[in-house]
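As structure tokens, the structure follows; a few thoughts come after it.
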Amino acid sequence: MTHVRPSGRMPEQLRAVSLQRGYTRHAEGSVLVSFGDTRVLCTASVDNKVPGFLRGKGEGWVTAEYGMLPRATHSRSDREASRGKQGGRTLEIQRLIGRALRACVDRTALGERTITLDCDVLQADGGTRTAAITGAYVALVDAVRWLQSRKEITRDPIHGAVAAVSVGLWRGAPVLDLDYAEDSACDTDMNVVMNDGGGFIEVQGTAEGHAFRRAELDALLGLAESGIAQLFALQREALASK
Amino acid sequence: MTHVRPSGRMPEQLRAVSLQRGYTRHAEGSVLVSFGDTRVLCTASVDNKVPGFLRGKGEGWVTAEYGMLPRATHSRSDREASRGKQGGRTLEIQRLIGRALRACVDRTALGERTITLDCDVLQADGGTRTAAITGAYVALVDAVRWLQSRKEITRDPIHGAVAAVSVGLWRGAPVLDLDYAEDSACDTDMNVVMNDGGGFIEVQGTAEGHAFRRAELDALLGLAESGIAQLFALQREALASK
Amino acid sequence: MTHVRPSGRMPEQLRAVSLQRGYTRHAEGSVLVSFGDTRVLCTASVDNKVPGFLRGKGEGWVTAEYGMLPRATHSRSDREASRGKQGGRTLEIQRLIGRALRACVDRTALGERTITLDCDVLQADGGTRTAAITGAYVALVDAVRWLQSRKEITRDPIHGAVAAVSVGLWRGAPVLDLDYAEDSACDTDMNVVMNDGGGFIEVQGTAEGHAFRRAELDALLGLAESGIAQLFALQREALASK
Amino acid sequence: MTHVRPSGRMPEQLRAVSLQRGYTRHAEGSVLVSFGDTRVLCTASVDNKVPGFLRGKGEGWVTAEYGMLPRATHSRSDREASRGKQGGRTLEIQRLIGRALRACVDRTALGERTITLDCDVLQADGGTRTAAITGAYVALVDAVRWLQSRKEITRDPIHGAVAAVSVGLWRGAPVLDLDYAEDSACDTDMNVVMNDGGGFIEVQGTAEGHAFRRAELDALLGLAESGIAQLFALQREALASK
Amino acid sequence: MTHVRPSGRMPEQLRAVSLQRGYTRHAEGSVLVSFGDTRVLCTASVDNKVPGFLRGKGEGWVTAEYGMLPRATHSRSDREASRGKQGGRTLEIQRLIGRALRACVDRTALGERTITLDCDVLQADGGTRTAAITGAYVALVDAVRWLQSRKEITRDPIHGAVAAVSVGLWRGAPVLDLDYAEDSACDTDMNVVMNDGGGFIEVQGTAEGHAFRRAELDALLGLAESGIAQLFALQREALASK
Amino acid sequence: MTHVRPSGRMPEQLRAVSLQRGYTRHAEGSVLVSFGDTRVLCTASVDNKVPGFLRGKGEGWVTAEYGMLPRATHSRSDREASRGKQGGRTLEIQRLIGRALRACVDRTALGERTITLDCDVLQADGGTRTAAITGAYVALVDAVRWLQSRKEITRDPIHGAVAAVSVGLWRGAPVLDLDYAEDSACDTDMNVVMNDGGGFIEVQGTAEGHAFRRAELDALLGLAESGIAQLFALQREALASK
């Protein structure tokens, strides 16, 4: 017997996803990504400098920072700027976003510049890190196009696309793209990042309750593959417009 | 001879102002306020606790925090959470917002609870603190209405309205509601907070270039009074809808 | 009916003000300023470097830091060095002092050097920031004279004088130079910084209780103008001695 | 064609693993775990308190902290205590260790007490986090036995065992238990945490170079399963002695 | 052959020492101590609380904090509040002052209250920590007298006096009470804290250049004994006045 | 009448001392020093840079850092990296270790390089700082020999040896090398650092209970001299092996 998901979605159904380009004016790329009620503002900022460890090597850098507005969540959480440090969860997520996006960038073609992807959660309803990766990719492409339009780079440093989705075991069954109601009650939560060549960039699965079996893991990976394929289509569509 | 303002506005003309209530879902009050291209998300969060210095006194508290997304501005600024502390400008602004909003609240009627106003700048184009105060007032009223609808408070703790605007001397002439182009080039910058009874709550004028004369100060205060009167009308209109 | 001020002073009467130059030995300028029982040690330190944002521009910099000894006040407050950060009030005050003093300095004439004004409150009885500005001006002039005596600068970078005073509404009436007893009980508190050409450099008025009317604001500014005129005379006198 | 591993090990071969109990005297559990040249001191400390969010719920807590001595590595790294904060990598690893160990603990049977697992790397040669998990499990069991020997708990809160190993694609081939030479040159690095019932607790795979295919992922998981089975045997043997 | 000291003092001669009680108004004890050009403001603040580790034990606490105004020294040093932490030297000195003063206090007679000794250096010319201890003792006695005058304590918690002086080997010869010119050029620097019963509370000798011989150590201790005897006389005289 | 020491040792008897060279692999010098149950890992790391204040002067630097694993002690103490700062005791000890070791180094012969001595306490039972100094000396010599073996330096920068021991008054009698049981119950605790030419580098004596008399101080220094002589023999023996 299958349980009906809190949202009424089918197990293999994504939430409504939107990618709104040009959401703010100043950034070289600026995308508001929504996975249902989860809304993340992703901006890409170009800086003509690289961190110290890369200086003089002719390579660029792509990095990410992640934040959550204090009242993006059900109850208000402390402002990290006010507490004086970023928590472990924040650091873990922004390291993940950075690694994920670097996986589709030819850093030599980018040249000695840094693109910083700021992913700020305006409203949280589960899956903020996977929404952030999916949206940040679009912001990154816009920033690269901006560089190309100004002839600052000649070779396209973007190879392939990157997107991410969460999957999990909810009441024993594999489901795609967990919202908060599912996320807080699921047994296993897995975040999967892939490129559009079918390769895995990152797989992070955690048993929250019971440990998961190998067969369950296989089912979850299958769901993620199908969900991410849809996200690639939505990214292409968003980038084709305007 | 008068100079034409960069935006083409008349000296006594506000930018287009909008107050969008219910912008996010979780907060008891949530308002996106725009003064032209300046956009600030103001949320009001209710907590049934008060800071230590008020415990057991039967009074509530209203406080504010202010933040700016790293790429809200022309060039990216460091994330305060990552630098590990809030800068002096941030602290100064959030202290101002808190004082301004407390000026219209009967803290005994509020009872032993805290309302925190988070003002986060999504996009900056001058006047973020005055937009924040004007928007936070509407979020505060929504949070109080939420308390009233749940019968948690009986007496209305809000007395009067609070709004704010900037004025300044730009190329020698007094102008209302400076945008970034004017703000970065003006001689004097003044932020004025008033209540709708015509009283001043805060006046902060700073000579950036030449010191200002008493007559100039008088002209600026007159401009601010007329601008704030318009903001009160917009707040009332926003609160009347829905 | 007028109330008698706690100190017995007339509404328009300053406290006894003294400016003791050469209070400590090492600094290029060192002034102990007293406004009644408020005592602030202001030192001016010359450094042949400028902050990064000014390097190579041929301009100097004037900046201020403010501190309060832990037991300068009625009850002991935590040492900011021990708490690990400066509070919002401290940052706000030191930003104000820096802006105020820069308003009388030709930074090109100063050349690529920084003058740091350290204002440390030995004893507090209200008005520490206005005493600090008034005293720091004298320390600044002494530091500039020291540079001139060593022929390190040729053109005098000081144009005009800067002084500051607080005014407020105490029991409904405007009074000059609030001491702690008045400050903690007043309705409106305003700090005014002027130059000796009659121009305003900074006006910061805050309604602590009831909002203030335009006429009250006007009366306060008049009081401040007269009080600051007396402070300029005292600064000139102090600088003429020795 | 297969490449010979730098260490000369077979692809499916663990390094020499040792688990030395009672390495230090004060802690309730104290284990020096070695995976080849990687040596981690794991201590388990019992405290009769729980964090605030668990107070009064009758449940215990298991948490971990991770550190690396400054010269555990090839070149000296800064001491985190001296830099004033723990880096993102440290926080990420200690969160992982804590989650992994909590997965085998019945927190109600533990009662309102906290067991803190301190994992300090004395010497690093790759795989410090998986060694830490494997060793911390033994220290945890020793601390629980200590509680049992003092009759402080009656029911055994440990259900099953937990161990971890890394696997990766090195020169295209899946290998088990990467040392530093392999880790720094591999394409994909995956850390796997399992329980001795064959369930997965955590799977974290990262493509450092090329994205990995589904078949490669499957091969890596198989290697991890066999390696972890050996670690369970070593844990049992260590716990059986004395 | 003996060298003449930079100050012209005899080897066994103290600098001019003064102890000015009641230097500031708010503190229960407030002493400006001068050892020549070294000037330290020592305040004693009484608080009716004790640190957590003493709560409910019926004992009081005496502790110290030390600070140096940024321009107390020849060249300006960073403000510790602004750097965000107290340096090792500061922590070391304030721990020493606290230990030294606790050595003459019967903490049971003091009852559950804390006396905090803030020692802030207004001007530094060597020997700030020994001046601080010598002055803080007088401030401590004044605070205790204040408690006695209010009948808050009945038994005198002060047993004996505490004072401190530095001694050192300058150009090979033992000298008393080093000033900055000597301190920065001496081979060995020793700080000695004693009580007026002839007992040693703390001896801290450091070879800056050549290691010192046992005979030199003996000579230094003899000098310190005679210097501290003079300081006790000055403390008694200061406390007898008014 | 004499009391028997908790350990049964004679008053002038050291604990069993061992110096295990090459304890870890990566550092240029790595020594595990044990004074009874006190075990400190001392590593010496060579870096071809010097701190800013020495740059370009042709001199090297020797510095130390000290840490204690959280469960090195009877009850677990907070991790300093997690608390975000090193405590006063830590800073005081590492400053002492650095000064002590610099006393036997010709920094010109060392050339522009820094040797950092990391002293991390694996298990504490009193006397960690004296064990650290004694062990760090051996690690330092090993690092220098490594530099010599690579011909990076020609002249031996080490002149003489440095070792340290604690002495104290326990139940009225002078005893050598206090362990924790004695340390926590003694009246006076003194740490003595000497070189092998019989010179004193540092003497730090603190009266924990009653002040100590001059004759007691003399007896303690005598004990320390004899104990340190034995430590020099052990250092020589350790360095002669291999």
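Chains here go by letter, A, B, C, D, E and F, matching the order in which they are written, and residues are numbered from 1 within each.
Going forward, contacts are C-beta pairs under 8 Å (C-beta built on N, C-alpha and C of every residue); 3 or more make two chains touch, one makes a residue touch a chain.
The chain list, named the UniProt way, goes like this: A, B, C, D, E, F = Ribonuclease PH.
From a predicted model like this one, the values you see are computed outputs, not experimental measurements.
Bringing subunit C (Ribonuclease PH) onto subunit E (Ribonuclease PH) by least-squares fit of CA atoms involves turning it by 180°, to the nearest 5. Ranked by separation of Cα centres from subunit B (Ribonuclease PH), the top chain is F.
Which listed pair repeats C-E comes down to matching contact pairs by residue number; over half match for D-F among D-F, B-C or A-D. Averaged Cα coordinates give subunit E (Ribonuclease PH) a centre that lies 28 Å from the centre of subunit F (Ribonuclease PH).
Measuring from the averaged C-alpha position of subunit A (Ribonuclease PH) to that of subunit B (Ribonuclease PH) gives a distance of 33 Å. Centroids built from CA atoms put subunit F (Ribonuclease PH) at 51 Å from subunit A (Ribonuclease PH). Shown for subunit A (Ribonuclease PH) are the residues in touch with two or more other chains, namely 84-85. The cyclic arrangement of chains, taken from subunit E (Ribonuclease PH) and going next to subunit F (Ribonuclease PH), is E, F, D, A, B, C. Within the complex formed with subunit E (Ribonuclease PH), the subunit C (Ribonuclease PH) residues making contact are 24-27, 30, 37, 39, 41, 43, 45, 47, 65, 67, 69-76, 79-82, 84-86, 90, 116, 118, 120, 122-124.
Taken together, the subunit E (Ribonuclease PH) residues at the contact with subunit F (Ribonuclease PH) in this complex read 85, 87-89, 91-92, 94-95, 99, 103, 190, 194-195, 197-207, 210-214, 217, 221, 225.
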